[in-house]
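Each chain carries a letter (A, B, C, D, E and F) given by its place in the written order, and its residues are counted from 1.
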């Protein structure tokens, strides 16, 4: 992880804000379980498990709330 | 996914805001599991499982909070 | 679903705001599982399952937060 | 349920605000499962189940957030 | 429970705000299950169960959000 | 725990804000289960369990929301 994985919460468009929310939701997993191989194994579970996919979507929703507020909802 | 799946968080009415919240909640699943066939299988589970439907509704609630704020609660 | 299921987030009183929050929490389920018969079956589960009732209550709490903010907490 | 179960979100003190948050969290259960006898049965489960108590506490936290904001955090 | 368990949401420091968030998260459990002995039993479960500890931490996060806002994030 | 584990919610950069959110999410676990050995055991579970990792990520998301707001989203 370098200094630059999260330079800013500002994004030019809502879509990029949503992509950032996904990145933010994955980073916590990466920091808790830094081993790439273990994470890859878990990822296989996430991708095929309805409950896990739903849980992931909930986290993205919370981060998107933050990112959207940071961008004043891209209203400006 | 094109540049235009999320052009804006602004919607003319609350109903359209709610529909956008549903779209936002599904997009995270789509981005985590891009395979349409697998998603279709999982969708069958969601639709008949009370816990999954509830979890989905919770995510919609969070996104609707964001969309409603973005539209100043359609008060203007 | 007609254009009018959600005409506004404004309600005259907190009680009506709470009722709207319940409506908002149910609508996501309706849109994900449009089949009335299946939903009725699931509803029987919700009503007797402590975990489901609790999950439902959590969703209402999030929507009530949105509706309360939309009404400036009925302070005006 | 009468017109008066939720006359206002304003409370004189934080403690009363917290009590209101508990009331708000229970009301969704009451409205989803209006049968007192069934609810009483479920209540017995809640009270002895760690996971249910925790889930209840989470809902109270969300409602308390709403009530606290409605009272400007009792700062005035 | 006396009148004074929650005199204010204001705390001099962020640390004390965090401690208050923990107190707020426990109080809902206390009010739902007032029997000390039962609560003590459940507490033993919480302390050794990863899922329960995580759920508790989530509630603290929500309350800390409220307390932090009440203190204007201790910026003043 | 000393007076200084949480001196401030302000951080110079978003990355450091995210790191603080992770710290905040862990501290509730530490305060609920102060025994290092038990926590270390539980940590082994978290790190290999997809559901636990996801739950942890959700808590980080809530705390990051708080920290981001405290820093005015690092816009200044």
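Basically, a contact is a pair of C-beta atoms (placed from the backbone, for glycine too) under 8 Å apart; a residue touches a chain by one contact, two chains touch by 3 or more.
As the structure is a prediction and not an experimental result, all values here were calculated from the model.
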Labels of chains that are neighbours to chain B and to chain D: C
Of all other chains, the one whose Cα centre sits farthest from chain D: A
Most remote chain, CA-based centroid, reference being chain F: C
Copy pair chain A, chain B: interface residue numbering same or different (half cut): different
Inter-centroid spacing, chain F versus chain A (mean Cα positions, whole Å): 16
Inter-centroid spacing, chain E versus chain C (mean Cα positions, whole Å): 27
Set of chain B residues in contact with two or more other chains: 46, 51, 55-56, 58, 62, 65, 69
Contact graph of the chains (line, ring, star, complete, other): ring
Complete ring sequence of chains beginning with chain A, oriented so that chain B follows: A, B, C, D, E, F
Touching residues on chain A, where the partner in the complex is chain B: 13-15, 18, 22, 46-48, 50-51, 53-58, 60-62, 64-65, 68-69, 73-75
In the complex with chain F, residue positions of chain A that touch it: 3, 5-10, 24-29, 31-33, 38, 42, 45-46, 49, 51-52, 55-56, 58-59, 62-63, 65-66, 69-70
